[in-house]
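Two complexes follow with chain A in common, the first pairing it with chain B and the second with chain C.
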Partner chain A sequence: MTAATRKYGSIFTAQLANGLTYPLDLLGRALSIVVFLWVFLHLWRSVYATDGSQAIAGLTLADTLWYLMLAETIVLSKPRISADIARSVRDGSVAYQLARPYNFVLYHFSVGLADAIVRAAMTALVGGALVWALVGPPPPASGWPLAAIAVLLGWLLDFSMSALIGLSAFVTEDTSAFDWIYSKAVLVLGGVLLPLDFLPEGLGSVARALPFAYTVWAPARVFVSPDPARFLALAGAQLAWLAVLALLLAAAWRWAIRRVAINGG
Partner chain B sequence: MSSNRLADSGARDAIIDVRGLAKTFQVVRKRAGVSGSLRAVLRPERTTVDAVRDLSFAMADGELLGFIGPNGAGKSTTIKMLTGILHPTAGEATVLGLVPWRERRQLAYHIGTVFGQRPQLWFHLPAIDTLRLFGRIYEMDDALVRRRIGLLAEAFEIGHLLETPVSKLSLGQRMRCEIAASLLHAPRLILLDEPSIGLDVVAKQRIRDTIRDMNAREDVAVLLTSHDAGDIEALCKRVIIVNHGRIIYQDRVSALKRTHLTCKVVGVLFAERLAEPFAMPGVDVLKAGRDGYGLKLAFDSRTTPVERVLAQLVAAGTVVDITITDPSLEEVIRAIYEAAEPDGAPGEAAASTGLGALDAGP
Partner chain C sequence: MAGARRAHDTARGGLLAEARFLASLWRAGLQTAMAFRVAFVTQIVGMALNNAMYLAFWVVLFQRFPTIGTWGLRDVMLLFGVVAAAFGIAVVLFGNILVLSDVITGGALDAWLTLPRPVLPSVLASRMTVSGIGDVATGLVCFVLAGQRSPEAALRFVVAVVASATIFLAFMVIVQSLAFWIGSAVLLRQTAFNAVLTFATYPLTLFDGTAKFFLLTIVPAGVMGTVSTDFVRRFTWPGLGQLLVAAVVLCAIAAALFRAGLRRYASGSIVLAAD
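Our next item is the complex of A and B:
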């Protein structure tokens, strides 16, 4: 194990322990998925009933609900890296984070990934139990590892875009406007509201050409239809977008670090 | 790579060398209210704030250097430039032979920082967890981490606190753990930014003792900022005073004490009205309570020892309450400015306590 993996691995495990300090808080957070899924169930049940068909764009009602369960879990569990960075600039803790021998962005990714995993485990448990009771068993367990990999890549992609917004806090302190736009883009173009497969052809292909789709739609889609070819295509797209964003982040970092203005005395 | 350059810089040379360092911030001025906010967005009025102007000083290896000044004097900004967090607007600096803002991460392995107003320990975890995490972050091997934790636990008397979640510690306990955490990787230089802020007198004293002890034991150089002149008096041999981003005084603490920290102000409350007004050579009566119970005095402790004044007061009546205070940092700074006044008589002013009305004089 190299010093670097030990370093970021330790940050990750410390935050895991930190995140597990208040299990009740976690449970409360996880319960919010019940409301979303309840609404989605009634919406899609009537859509499928009106349509009269077994499957829309290849997805059954059960597929759609399991898709939405994972999509909601991914979105509800992910920390907002941009807000974390902005907060550390506002409260001055960025001074510590910059005075340590680690990569500032990777530090936030390690902490964020730990938060996301702890919350997602609880949320998926609650959401999964509900969906199972409502529409039947989940997709085959053999596909879960593929979905897990796609979920992790999706989070990293989300963190990268969010960090890009967050680094602007070094200069502006406030990132909420960009945050709002980004979260709405993920909601519609990322496949949180509905599987991108349901969108009209033109809009669907636009969405699939943008990075937002690979944060939520790709992992949730792999989860409900876990065939290896689909996984390889989607994970490949995730990795390609990650590479692009890594370059953008590196450039943004060089720009931001020269301009950092830190609050306080 | 860095270690070679560290070795080249020589053993007892300056570990901090600052030449003409300056930092200006652009601040958007915002007027009050919603319309003010709107205007700040549409047509921002920018003003330039000179946080640090033309700062030059050097610090020797193993030195305990005090860096004091009122709030907003530029102390923290300087520290942040020396750790490489902020890029200066002008000037140069090397710390341990490295240019901080260009070699920030390399430098980080050799320096420690404590920002008194912000916690670095993970709030919900026991301090020992953060210490072990820091061991990994600074790429130390596990045996060394255990040895350092043992040593620091003993020096800071925190062995019994390490397993308790940091959220359950008192501020004084937490601050000892915070400073210990910054020393884990055995840095050659530690930058303490207001480590005693918010602490009570006892906790303050304990922190000071430990810092002095660690400086002697590990030969770690300490750059300490504070707006409490007491911290500097108790700890440092040399002091730099900054105000409005400039150095206004730079000398040994003993010299500062001799010239500017000798004036004592004593407040007394008596149980009964004094038979006759209090008077003593070398002591100024600043205020005598109208009722005759209270008294406020000032004197120069070089010429009039504190114990003599106290003895005289006790002899005058039954003392109910008594307080002795040093001049505040603001008063000291005012005195330094007055001493440096070009059209005054500099020699004379420098020799006096410089505290104007408070100065009793022989």
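Our next item is the complex of A and C:
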């Protein structure tokens, strides 16, 4: 184990323990998935009834609800890395963090991943119990490890895009508008509100060519249809986007750090 | 007779003075927000784009499935327009509605208790959420795109939006006033906020009997969304009655609960020291 792995591993473990300290708070947060899944159940039940078919794009109503459960879990559990980074830049605390013996971006990734895992476990438990009660059992457990890997890669992709938005605070100070637009891009083009398989062909192809699709749609799709070939194709696309975004992020970080002016205090 | 007239004049003067005070708060809020021009424009345009992305979901959904239940794209567009405009007006004029429970639990009410003005409206109007202007703009665009272009429909839209905004504000005051008793109400506020806005932007016809009852009473998202939208589409006395009764009853409950909570309020003892 390298020193870097141990260092970020320790940050991750400490944050994991921190997240588990207030289980009731976690449960309260997780309850918001009930609102969304309840609306989705009624919406998609009505869509399937109007369409008159058992399956749309190969997904039954039960598949769609389980897809949406994981999609909502991924989105509701992810931390707002962009807001954290932007706040550090705005209030100047980035100056203190730069002096510490860790990489600023990797530190946020380690903390974010720990937060996301703890929240996702509770949210999936609540959401899963509700969907199971409403439409029946989940997809086969044999596919869950593949879905878990895809979820982790999806979060890393999301963190990279969020960190790029957060670093834009070096120029704009307020990044909330970019945050809103990004979050809606993930909702629509990432497949949170509906599986991308339901999109018209042209728009579906465009959506699948963008990185948003691999934050949510890819893991949720692997979860409901866990065949190894699909997993390999989607995980490959996730890794390719991750490489592109990592290069962009490294360049953005080098550029941002040159703009830091520390005036003592 | 003269006494009654004097009381009426005093009440009218009080209301006018209150309106002038609120107007000055809004003017100050706007001037503060406009001091940072880039952030001001970015927030408004960003929110409008954000709403456009969400509407894209409905456009795509209706392209694939032309009707859902009895609703088509124009119906949903009008529904979203009413809710977006109502939310926008509420947070632009009364921006502290988004953080009222924090103000209560943080002991920050002290600043308003010293003013010779009703506390609740003063607290709420002391902050302007500029991005709400983008929501109002989205609402107006949706109203036009939904095909409702007559002056009568425009008047009904204004009435529905004002009623819907009042219902949203009153509901959020009720929920956050519980902070006087339970302390931190952050999770409760977030859940109530998500629930009322999420349910309001979906047609009420999607839901069954029990759910409908829930959405017309406990979480008044059905009144804020579908009932208001039905009123914009077609004037009916029962429709207008439902909107007015919901707005007045919820305002009365909100005012009573906030006043009761205020009696329990202990000062935050915040001391500002200047050197």
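Here is the rule we use: the second predicted complex is superposed on the first by the 257 of 265 C-alpha atoms of A that agree within 3 Å, B and C clash if a C-alpha of one lies under 4 Å from a C-alpha of the other, contacts with A are read in each partner's own complex, and residues count from 1 in each chain.
Heads up, the rule we're going with is that a residue touches a chain if its C-beta (ideal position, glycine included) is under 8 Å from a C-beta of that chain, and two chains touch if they have at least 3 such contacts.
Since the structure is predicted, the reported quantities are computational estimates derived from the model, not experimental observations.
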{"item": "Combined model on chain A: chain C and chain B, fit or clash", "value": "clash"}
{"item": "Which of chain B and chain C A:Trp144 touches, first, second, both or neither", "value": "neither"}
{"item": "First (chain B), second (chain C), both or neither touched by A:Trp132", "value": "neither"}
{"item": "Partner chain(s) touched by A:Leu43 [first = chain B, second = chain C, both, neither]", "value": "second"}
{"item": "Chain B versus chain C as contact partner of A:Trp253, first or second or both or neither", "value": "neither"}
{"item": "Which superposed partner A:Leu193 touches (first chain B, second chain C, both, neither)", "value": "second"}
{"item": "Chain C-contacting residues of chain A that also contact chain B", "value": "none"}
{"item": "Chain B residues within the chain A interface of the complex", "value": "25-26, 71-72, 75-77, 80, 83-87, 104-106, 108-109, 111, 113, 115, 117-120, 122, 124-125, 129-130, 132-133, 136-139, 194"}
{"item": "Contact footprint of chain C on chain A as seen in their complex", "value": "25, 28-29, 31-32, 35-36, 38-39, 42-43, 46-47, 50-51, 172-174, 176-178, 180-181, 183-185, 187-188, 193-194, 198-200, 203"}
{"item": "Sites on chain C touched by chain A in the complex", "value": "36, 38-39, 42-43, 45-47, 49-50, 53-54, 56-57, 60-61, 63-65, 67-69, 131, 187, 190-191, 194-195, 198-199, 202, 206-208, 211"}
{"item": "Chain B-touching residues of chain A, taken from the complex the two chains share", "value": "3, 6-7, 9-11, 14, 17-18, 21-22, 91-96, 98-102, 257-262, 264-265"}
